[in-house]
Amino acid sequence: MHITLNGEPYELDQPVSITDLLTKLDIDPRRVAIEHNLAILKRQRFPDVVVGDGDTIEIVNFVGGG
Amino acid sequence: MNDTPFVIAGRTFRSRLIVGTGKYSSNAVMAQAHEASGADMVTVAVRRVNISDRSRESLLDYIDTSRIFILPNTAGCYSADEAIRTAHLGREAGLSNWVKLEVIGDERTLFPDNEALIAATRTLVKDGFVVLPYTNDDPIACRKLEDAGAAAVMPLGAPIGSGLGIQNVNNIRIIRELSHVPVIVDAGVGTASDAALAMELGADGVLMNTAIAGADHPVAMASAMKHAIIAGRLAFIAGRIPKKMYATASSPLEGVVGR
Amino acid sequence: MNDTPFVIAGRTFRSRLIVGTGKYSSNAVMAQAHEASGADMVTVAVRRVNISDRSRESLLDYIDTSRIFILPNTAGCYSADEAIRTAHLGREAGLSNWVKLEVIGDERTLFPDNEALIAATRTLVKDGFVVLPYTNDDPIACRKLEDAGAAAVMPLGAPIGSGLGIQNVNNIRIIRELSHVPVIVDAGVGTASDAALAMELGADGVLMNTAIAGADHPVAMASAMKHAIIAGRLAFIAGRIPKKMYATASSPLEGVVGR
Amino acid sequence: MNDTPFVIAGRTFRSRLIVGTGKYSSNAVMAQAHEASGADMVTVAVRRVNISDRSRESLLDYIDTSRIFILPNTAGCYSADEAIRTAHLGREAGLSNWVKLEVIGDERTLFPDNEALIAATRTLVKDGFVVLPYTNDDPIACRKLEDAGAAAVMPLGAPIGSGLGIQNVNNIRIIRELSHVPVIVDAGVGTASDAALAMELGADGVLMNTAIAGADHPVAMASAMKHAIIAGRLAFIAGRIPKKMYATASSPLEGVVGR
Amino acid sequence: MNDTPFVIAGRTFRSRLIVGTGKYSSNAVMAQAHEASGADMVTVAVRRVNISDRSRESLLDYIDTSRIFILPNTAGCYSADEAIRTAHLGREAGLSNWVKLEVIGDERTLFPDNEALIAATRTLVKDGFVVLPYTNDDPIACRKLEDAGAAAVMPLGAPIGSGLGIQNVNNIRIIRELSHVPVIVDAGVGTASDAALAMELGADGVLMNTAIAGADHPVAMASAMKHAIIAGRLAFIAGRIPKKMYATASSPLEGVVGR
Amino acid sequence: MHITLNGEPYELDQPVSITDLLTKLDIDPRRVAIEHNLAILKRQRFPDVVVGDGDTIEIVNFVGGG
Amino acid sequence: MHITLNGEPYELDQPVSITDLLTKLDIDPRRVAIEHNLAILKRQRFPDVVVGDGDTIEIVNFVGGG
Amino acid sequence: MHITLNGEPYELDQPVSITDLLTKLDIDPRRVAIEHNLAILKRQRFPDVVVGDGDTIEIVNFVGGG
């Protein structure tokens, strides 16, 4: 299945939870914010929300800026 | 003599200097500069995690969040919608509902789009944010931002990263006189005397990044800025002498030997 | 990073700020201002004792000479002879052979008479004095003073007591580049940013009196000046960013959400 | 060398100086000042006729409309609606569809309300007006006014009537670089060198009232401004020498007698 | 209104602009620039004739000495003796006993050696010269030059050829107030507004070379300077408006429609 | 009858044309612009338009301004 | 006998040493410098130097200045 | 015979008047000033003054300067 991850096409074998996706990507859930199909997800919902085919995911964190 | 505390939206800060986290040669240098600056609020950008190639180390590993308050910003946003969306993501990623709101109007000047900025401020205030908008030195725009619920107004002294110093001292002074919220000069400072001048004009604080991160010796410059902010603030409350065209002797005129 | 020590004629000073002792509302306020300024050199005038009606208290009772070095000056002298005579009396009354040499050329501007100043410097150096001449921002006069044996040159930033700030930054910078002795900006500073700017131009120190003594709150202003001198010096050695006409982003350009 | 003509909305003006008609001691003095200024466009306010007590003489009796183009303005309007209504009345009273559009945001600064100004510009352009909006030195606001169809942008140099001169030379230069319509510096000029500087920054014209009408000798100042505008424009197209920190001899270094 | 004539040593000049003859791409361009400048006094250097290889054409072939007064200078002289010797040669080669006296103190700044300058002025005045000394913006040096018999004082605005403009407006204003001879700002002007400013400060005239000769289009810049000098002088005698921090309306406050 | 003229109450014995009103007020029609009940009137309509009871009239002209 | 003290005429019954003069004037010798007929006196000479008729004495100390 | 002309050594077969020297050098006498052994010469003396062995001559004119 295809999703759009941070603006790029991304392949997944099957629907996964946000938590699993982060694990797969080796991203610490406590350091990021996630937008699922333009809706922002509270951190506690990461385990329940499932990423399906065609979904759009934004994963952001803090970087240096002024 | 005692100064009034520096309070924004009910939160008191020890330092009137707010610094950035961008453009440092390394996170280690940044951490030392932050330490030297004495700042207890730093601003950070919100960006997509780099999926393909990610450095392990996170910016936050180099900021002692027990002492330093994190102010997410919306740098790089060119519309109210982008800025609002980024602000929400920043709130989710962060530890607070504060945002340094930027809605850029032009790539070369990075000047704010005040119309969009005011609209975004209105929305984010409704959404429960503490909004600190980066604007230009326009007293009318600052008043509208205040009316829209901004917790402070942050007029620029000069273009971001230009180091030109305060280009229009009269406007900053006017904005301070007409505002009822803290006035923070954001952007344009190049060296210590610029920061001191901003405070002497009555600014409640100064926010800077490039002046420190881009200096030959960022840690030394951070220390310079710490002292400059204190100096300018003290001079403002101490009440400077008036300017005169001619001289006034510092020593007694009478009693000179042989007269 | 480490700074070079501030040394004049082989004597090292902790502070690059030199302050005066005139025009204070009281000696007690002066003492507090001196403390707040962190200065370890203060300048004093030499005047006839008032025979008819003398206040018991002496200025020196309010200066801790174990910590603070006394620099007698020749303020009020309008000829080389007067200045030389006063310098000798100051040496006799004081504890050292140092003198802040002033030969005033005009009552309204209190600008130096450089011809007489250079001549007096030559004589006093021969007489064994450590001469710190107050001059104007003329690089040629400063070179001649150095050639005459001055231990430092002290160009004015603006007329004494005027508070106008550094009127000619280019000249101060040039004097610093062409001199081989310490350059101390003497007179004209009005507020903290003026002092910081003087140091950013490369001055080795700043001497002031009215800016502190004449402020609404002298002790607070003394503290402001202490920080301003440190700030300006640190900024000078830290190496400021270049000035640009346009902006340069502080945050990454890529990775903005939704782009 | 030849200059490009000064053209606004297809109309060519001989003079790059635009003057006002307010605050003169008498209409006769105004007429002489207009003559001395060489201006061929003057701005006038639109106001209610005083019914109860009316002076017979009309302002227009003192303006040779065969030589001088009348530019009605919306001075004193604090909302887009007021300004639009006044613009329409001005068109009806006048001889053209031009308007100097002012939407004031604040009584003390008389700075523009850019949001309302941009909206009013959009409406009036649709209504067939040639709109010359008075704005502040905000490059983004100027771009939006241009996008809204403004025939020129008129950023202020300083507050109306303040005589402070161009407070932010960098912004005026940037506005000139980013704009595709004439840039006219409107308000803030105090004396001739201010007007010359505005033109040297690349402004296509300057509009002023108080600097002339409020001078001790308005007619002489009008003549001064005429020359200043010509001087500044010529200097701009002549291409000034670069600034240097040190000197460069004007005379040959070799061939000095006795060397 | 009428201005007082510009008189030096009893000789009246039509123009308050004095120009140089150095650094032009060709004598033809120089002649056109002189024409455009409206100057009726130009300064020339005195140098050894090149024996080995001499161009036939003489500088004087390009100056209409029936209309333009020749002012020989002592540029390049580093001592009073050199300057005095050169002044005498200039008098012999020329048509008058006038001299623009320069005694340079330093090669990088080309600043005057005031001690030597004052001595040379004294001698040349005794020898019957009309002496116009180039000095710096030191009111005391200017007074001594006046006392020595100088027909005018010519303080610099900035280093020769630097184009920095008037670096210390306060000093020029003070020199004008304290002097009893014409004050001519000599050197440092970069563009038209600098020249206008010099005149607004009260200068009786301005002398320049590089600003015109070094411009991209010298003839256009010469014309710019002609207008700038007229503009600045007219503004000075017209009496400018005072500076204010806030705005003052140019249009009536009452009578706005719909109020 | 009562009208509002330039923001002030004003009395008229009877309905009059704009032209007559201007004549009555001794105002040169060629130098003014007129708003009748918020509508701007073209000059050529001055003779026809009648001012009635309760009408609001604005009469403006050019004055010195900057 | 008459002397000139700090520019003013001053009366003395008889010649006195500098030390006695200072005592008489209630001036602490350690805080002042003295010029006797235009010659500066070292402090240790205060007891020996005698002020005679017509002498000129300058007594100075430090005061506030900048 | 040797002279010093404008700081450089210069050869002459025999003593000549200033006028002849200028002619020889093709220099218009009306446009220059001359110093003969540090003494400035009035123009009318050019025909009479003779340049002898070892003399020092300075010939100057006006050039562009500021």
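Chains here go by letter, A, B, C, D, E, F, G and H, matching the order in which they are written, and residues are numbered from 1 within each.
Basically, a contact is a pair of C-beta atoms (placed from the backbone, for glycine too) under 8 Å apart; a residue touches a chain by one contact, two chains touch by 3 or more.
Since we're looking at a predicted model, the values are computed, not measured.
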(message) Once the contact rule is applied, which chains count as partners of both chain B and chain E?
(response) C, D
(request) Give me the fewest steps it takes to get from chain G to chain H if each step has to go to a chain it touches. (result) 3
(message) Using mean CA coordinates as chain centres, what's the gap between chain D and chain G in Å?
(response) 73
(message) Need the CA-centroid distance for the pair chain C / chain E, whole Å please.
(response) 34
(message) Using mean CA coordinates as chain centres, what's the gap between chain B and chain F in Å?
(response) 55
(request) Enumerate the residues of chain C that touch no fewer than two other chains. (result) 20, 22-23, 45-48, 73, 75, 85, 89, 108-109, 111, 159-161, 164, 170, 174, 209-210, 213, 245-246, 249-252, 255, 257-258
(request) Identify all positions of chain A at which a residue touches two or more other chains, and write them in rising order. (result) 7, 35, 58, 60, 63-66
(request) Using the contact rule from the top, write out all pairs of chains that touch. (result) A-B, A-C, B-C, B-D, B-E, B-G, C-D, C-E, C-G, D-E, D-F, D-H, E-F, E-H
(message) Could you list, by residue number, the parts of chain B that touch chain A in their complex?
(response) 20-24, 27, 30, 43-49, 51, 54, 58-60, 70, 72-73, 75, 85, 88-94, 160-161, 187, 208-210, 213
(request) Please give the residue numbers of chain B that touch chain D in the complex, ascending. (result) 105-106, 108-109, 111-115, 118, 136-141, 143-144, 158-159, 164, 167-171, 174, 178
(message) Using the touch definition from the top, list the residues of chain F that touch chain D in their complex.
(response) 5-8, 10, 25-28, 31-35, 40-43, 58-66
(request) Mind listing the chain E positions that touch chain D in their complex? (result) 1, 20, 22-23, 45-48, 50, 73, 75-77, 82, 85-86, 89, 108-111, 159-164, 190-197, 200, 209-211, 213-221, 223-228, 230-235, 237-258
(message) For a test of understanding, state which residues of chain G touch chain B in their complex under the given definition.
(response) 7, 35, 58, 60, 63-66
